[in-house]
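Each of the next two complexes has subunit A plus one more chain, namely subunit B in the first and subunit C in the second.
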Partner chain A sequence: MSARGEFPNVSETVTQASIDAYAELSGDFNPLHVDPVAAAASEFGGIIAHGPIALHAFLRAATDWLGVEALPPGSRVAVTYRAPTRPGDTIGCALTGAADADPLEAACVSQDGTTVVTVRATLP
Partner chain B sequence: MSARGEFPNVSETVTQASIDAYAELSGDFNPLHVDPVAAAASEFGGIIAHGPIALHAFLRAATDWLGVEALPPGSRVAVTYRAPTRPGDTIGCALTGAADADPLEAACVSQDGTTVVTVRATLP
Partner chain C sequence: MTDAIDDAPALSAITYDELVVGKRIGPFEERVTADLAGRLAGPIGEPRTVAAAPPAVFPVLFLRALRRGLGGIPAGGILAKQELEFHAPLAVGTTAQVTMWIGAKEVRRERPFVTVEFDVRDAHGVQAVSGRKVIVWPTGPGQEAGR
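On to the complex of A and B.
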């Protein structure tokens, strides 16, 4: 909607420090997230971030865009995980549909062009 | 599905420490999350957690249930935020539909019976 202005261009760089912090707060210390040796031996070939970390750029952009401090009750955010996110990746988020669409459609894309997460959101 | 066994009963207590950690890692230092005085003066009447924190119990239960280390690519998790979560709340998560439904339906409920988040998830 034009009243909301342009969807902001927010990007986030994923770091091992933020993955470690997420492990602490979520209680998810899976070796895929915190043990480089075990992660290297896994099918992923190295550390991957917890899924919700890839979503931070979208959440920041959406709250900025709505001009709210937090997503209001009734907000619905549907996330499809497409590819792993790794330490060092920079994730940017952009709308892939119209700014007045409902649901709003967005994609979070890493610096090498990989879509890591797609989002469909209904925001009050 | 019976092969998956019973959906695990996981609960998480939300603390100011985990909210502070989430602020650090997400970059979202909104006063609603980290400033008790400003939050008390807001419409929420006190500190509220970042939305994704209410989802941790579901994510832990789902990965345990699937017997996977992380939600696999193609997983789709649709979250509707229903009510704020506050420090001290204990959030439990249970299926609200059949264990073989697709999407799987679940609700995350606080200790006082308030549904804070509902989830519809398609898990490969």
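On to the complex of A and C.
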């Protein structure tokens, strides 16, 4: 365990309401996120969440872990999007490496075990 | 492309070939309101009170700049990677200046990848966050246009 304690177990259930809220905040009204008919006709077969929504659990866990509102100067977060997140998914985030590693390695995983996002982060 | 996000198209019609590497777009002014920061500090959309912009604000500012600068991500575009570098906190109530540019265009394994760079500064020009999105652009080599 790191001196900062255990990495928090943050999870978040993605809903169409949270996707709509994210579209409103970001101005990203791509039909894949907000139009069920257009999304159903796409290669994804239905609505998918904006990519950063899948990262949200990690960002919340990181700030909770550090006890801060904003990540400190020198922090770096690198994200690879692995799979789409859909309404109804519950995304949890956990470290996949040691808590004192630099960079930290983490994964955001849906309730069925699908890794939707992997993260490498430096949190000074 | 436009000063007002609501006037920007929701989806980019710019093709891979039309993207110009290195041309700076912006800066766009974005107010980091208490509502924006608070609804991204905890579960998405649930308001909280914070004094500094939580990290989830910055992907939102990137997306807003992308829409204002390029008309958003094109239909069929896929976000592959994202990076964020934090240089200084951004206080709630700040009017941020967001500049973007195409950092790279390259075809890898027959797929067209576009790297869009972002630079976020406070009202005094102090860099708060830099970063980038790597997007699989749907109208590039090997892709079916308009997918």
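Following the convention adopted for this analysis, the second predicted complex is superposed on the first by the 123 of 124 C-alpha atoms of A that agree within 3 Å, B and C clash if a C-alpha of one lies under 4 Å from a C-alpha of the other, contacts with A are read in each partner's own complex, and residues count from 1 in each chain.
Throughout what follows, a contact is a pair of C-beta atoms (placed from the backbone, for glycine too) under 8 Å apart; a residue touches a chain by one contact, two chains touch by 3 or more.
Remember, it's a predicted structure, so these values are computed and weren't measured experimentally.
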| item | value |
| --- | --- |
| Touched partner set for A:52, first subunit B, second subunit C, both or neither | both |
| Subunit B versus subunit C as contact partner of A:60, first or second or both or neither | both |
| Contacts of A:80 with subunit B and subunit C, given as first, second, both or neither | both |
| First (subunit B), second (subunit C), both or neither touched by A:29 | second |
| Partner chain(s) touched by A:18 [first = subunit B, second = subunit C, both, neither] | both |
| Touching partner for A:4 - first (subunit B), second (subunit C), both, neither | neither |
| Subunit B versus subunit C as contact partner of A:71, first or second or both or neither | both |
| Residues of subunit A contacting subunit B in one complex and subunit C in the other | 12, 17-18, 21-22, 25-28, 30-31, 42, 50-53, 55-56, 59-60, 63, 69-81 |
| Interface residues, subunit C side, partner subunit A - complex | 5-6, 8, 10-11, 36, 39-45, 50-56, 59-60, 63-64, 66-68, 72-73, 75-76, 78-90, 147 |
| Parts of subunit A lying in touch with subunit C, wherever the complex brings them together | 12, 17-18, 21-22, 25-31, 42-43, 50-53, 55-56, 59-60, 62-63, 69-81 |
| Touch list for subunit B against partner subunit A, complex | 12, 17-18, 21-22, 24-28, 30-33, 42, 48, 50-53, 55-56, 59-60, 63, 69-84, 120 |
